[in-house]
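Report on the structure given below.
Just so it is clear, A, B, C, D, E and F label the chains in written order, and each chain counts residues from 1 on its own.
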Amino acid sequence: MPVVTVQLWEGRTLEQKRALVKAITEAMVEHADAKPDCLHVILQEIPRENWARAGVLGVDRKDA
Amino acid sequence: MPVVTVQLWEGRTLEQKRALVKAITEAMVEHADAKPDCLHVILQEIPRENWARAGVLGVDRKDA
Amino acid sequence: MPVVTVQLWEGRTLEQKRALVKAITEAMVEHADAKPDCLHVILQEIPRENWARAGVLGVDRKDA
Amino acid sequence: MPVVTVQLWEGRTLEQKRALVKAITEAMVEHADAKPDCLHVILQEIPRENWARAGVLGVDRKDA
Amino acid sequence: MPVVTVQLWEGRTLEQKRALVKAITEAMVEHADAKPDCLHVILQEIPRENWARAGVLGVDRKDA
Amino acid sequence: MPVVTVQLWEGRTLEQKRALVKAITEAMVEHADAKPDCLHVILQEIPRENWARAGVLGVDRKDA
């Protein structure tokens, strides 16, 4: 019955999202004794100008 | 002085949002001894392709 | 099917928590077209030394 | 470089946590093009009296 | 290695965001013993119709 | 009027927390046009067995 929130860059395809939420849900069931019924996985897509690492925004990084 | 974050499907009307934040704020004041002055309610609207239940995205569910 | 996260001071009684989650859930059903079945309300209790308003921690405020 | 926050019941063993964060990280790398280096997985353990489903706290549910 | 999530009104310029994430990162390094390398700062921009204070949405406030 | 949530290792002293929330609040006022009055900074202290980087829990890392 857990809630998993994923903050990630925007730009995943629908196919990637499908596979990702399925795999995370399976990991929760297998390793955390979670029942899948009310298990939520929420993807928060963040634009590159709204995410910084080491004090530098994604739009300004070469390796981001 | 609490902060309430609501993650929900996108698509509520402005009128629904008005009524919702008012009702949640009243619940906090009545049941949690909260002072309303700096009580925040934040609505995070999530597209159906970014929210899964039981490992299946909202866009792929019939009952979502 | 939404998820509501409440960040609040620690110290509510079990009875207050019961009433609070019930009232918030009813608000979501009445005003946001939410189905209650998989509607989660999560209370995150924050100690007063971990919450600041206007730059001052709760432990250092007189009105907090 | 994403951040994954898991809200779940308290009570997983250290061994379960180890396996869970490893599996979630692998899912992110495989399905979301994530680089593992700065990929964070954060577990927020919630007591049963602080989590409600369908308006009823975990401590008051039989099936929780 | 911390994660800082900022929920704020939408509408900051790119220049403001650059300065903000830099200053927050420096504060974390100076005051919280954080290593900057994998320190994330994430800006979540919230529209005025999705944020309420004292039970009133930002779009309906004069002082917001 | 923003809300800043900081997820960090547990173990900062009260003095560090005081300085940290003050510095973050000043950064928000200076760089994000925020009014300090209802600006919240919330510290979520995470135990090392609940935080993984690159798939490895903090308790199992040498450099964490």
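List of remarks:
To be clear about the criterion, a contact is a pair of C-beta atoms (placed from the backbone, for glycine too) under 8 Å apart; a residue touches a chain by one contact, two chains touch by 3 or more.
Just so we're on the same page, UniProt names per chain: A, B, C, D, E, F = 4-oxalocrotonate tautomerase-like protein.
Because the structure is predicted, anything quoted here is derived from the model rather than measured.
Considering every other chain in turn, the ones in contact with both chain D and chain E prove to be A, F. By the document's definition of touch, common neighbours of chain B and chain C comprise A, F. Note on A-B: across the candidates D-E, B-C or D-F, the interface recurring with over half of the contact pairs conserved by residue number is D-F.
The chain with its C-alpha centre at the largest distance from the centre of chain E is D.
Residues touching across the chain D and chain F pair largely diverge in numbering: under half of the numbers involved belong to both copies. With chains reduced to the mean position of their C-alpha atoms, the one farthest from chain A is C. Centroids built from CA atoms put chain D at 20 Å from chain C. If you average the CA atoms of chain E and of chain F, the two centres end up 12 Å from each other. Residues of chain C in contact with two or more other chains: 1, 3, 5, 7, 26, 37-38, 40, 42, 44, 51, 53. The full set of touching chain pairs reads A-B, A-C, A-D, A-E, B-C, B-E, B-F, C-D, C-F, D-E, D-F, E-F.
Interface of chain D with chain A (complex): residues 1-9, 12, 16, 19-20, 23-24, 26-28, 30-34, 38, 51, 53, 64.
The touching residues of chain D, counted against chain F in their complex, run 5, 14, 17-18, 21-22, 25-26, 36-45.
The part of chain E that touches chain D in the complex is made up of residues 1, 3, 37-38, 40, 42.
Taken together, the chain F residues at the contact with chain D in this complex read 7, 44, 46, 49-57, 59-60.
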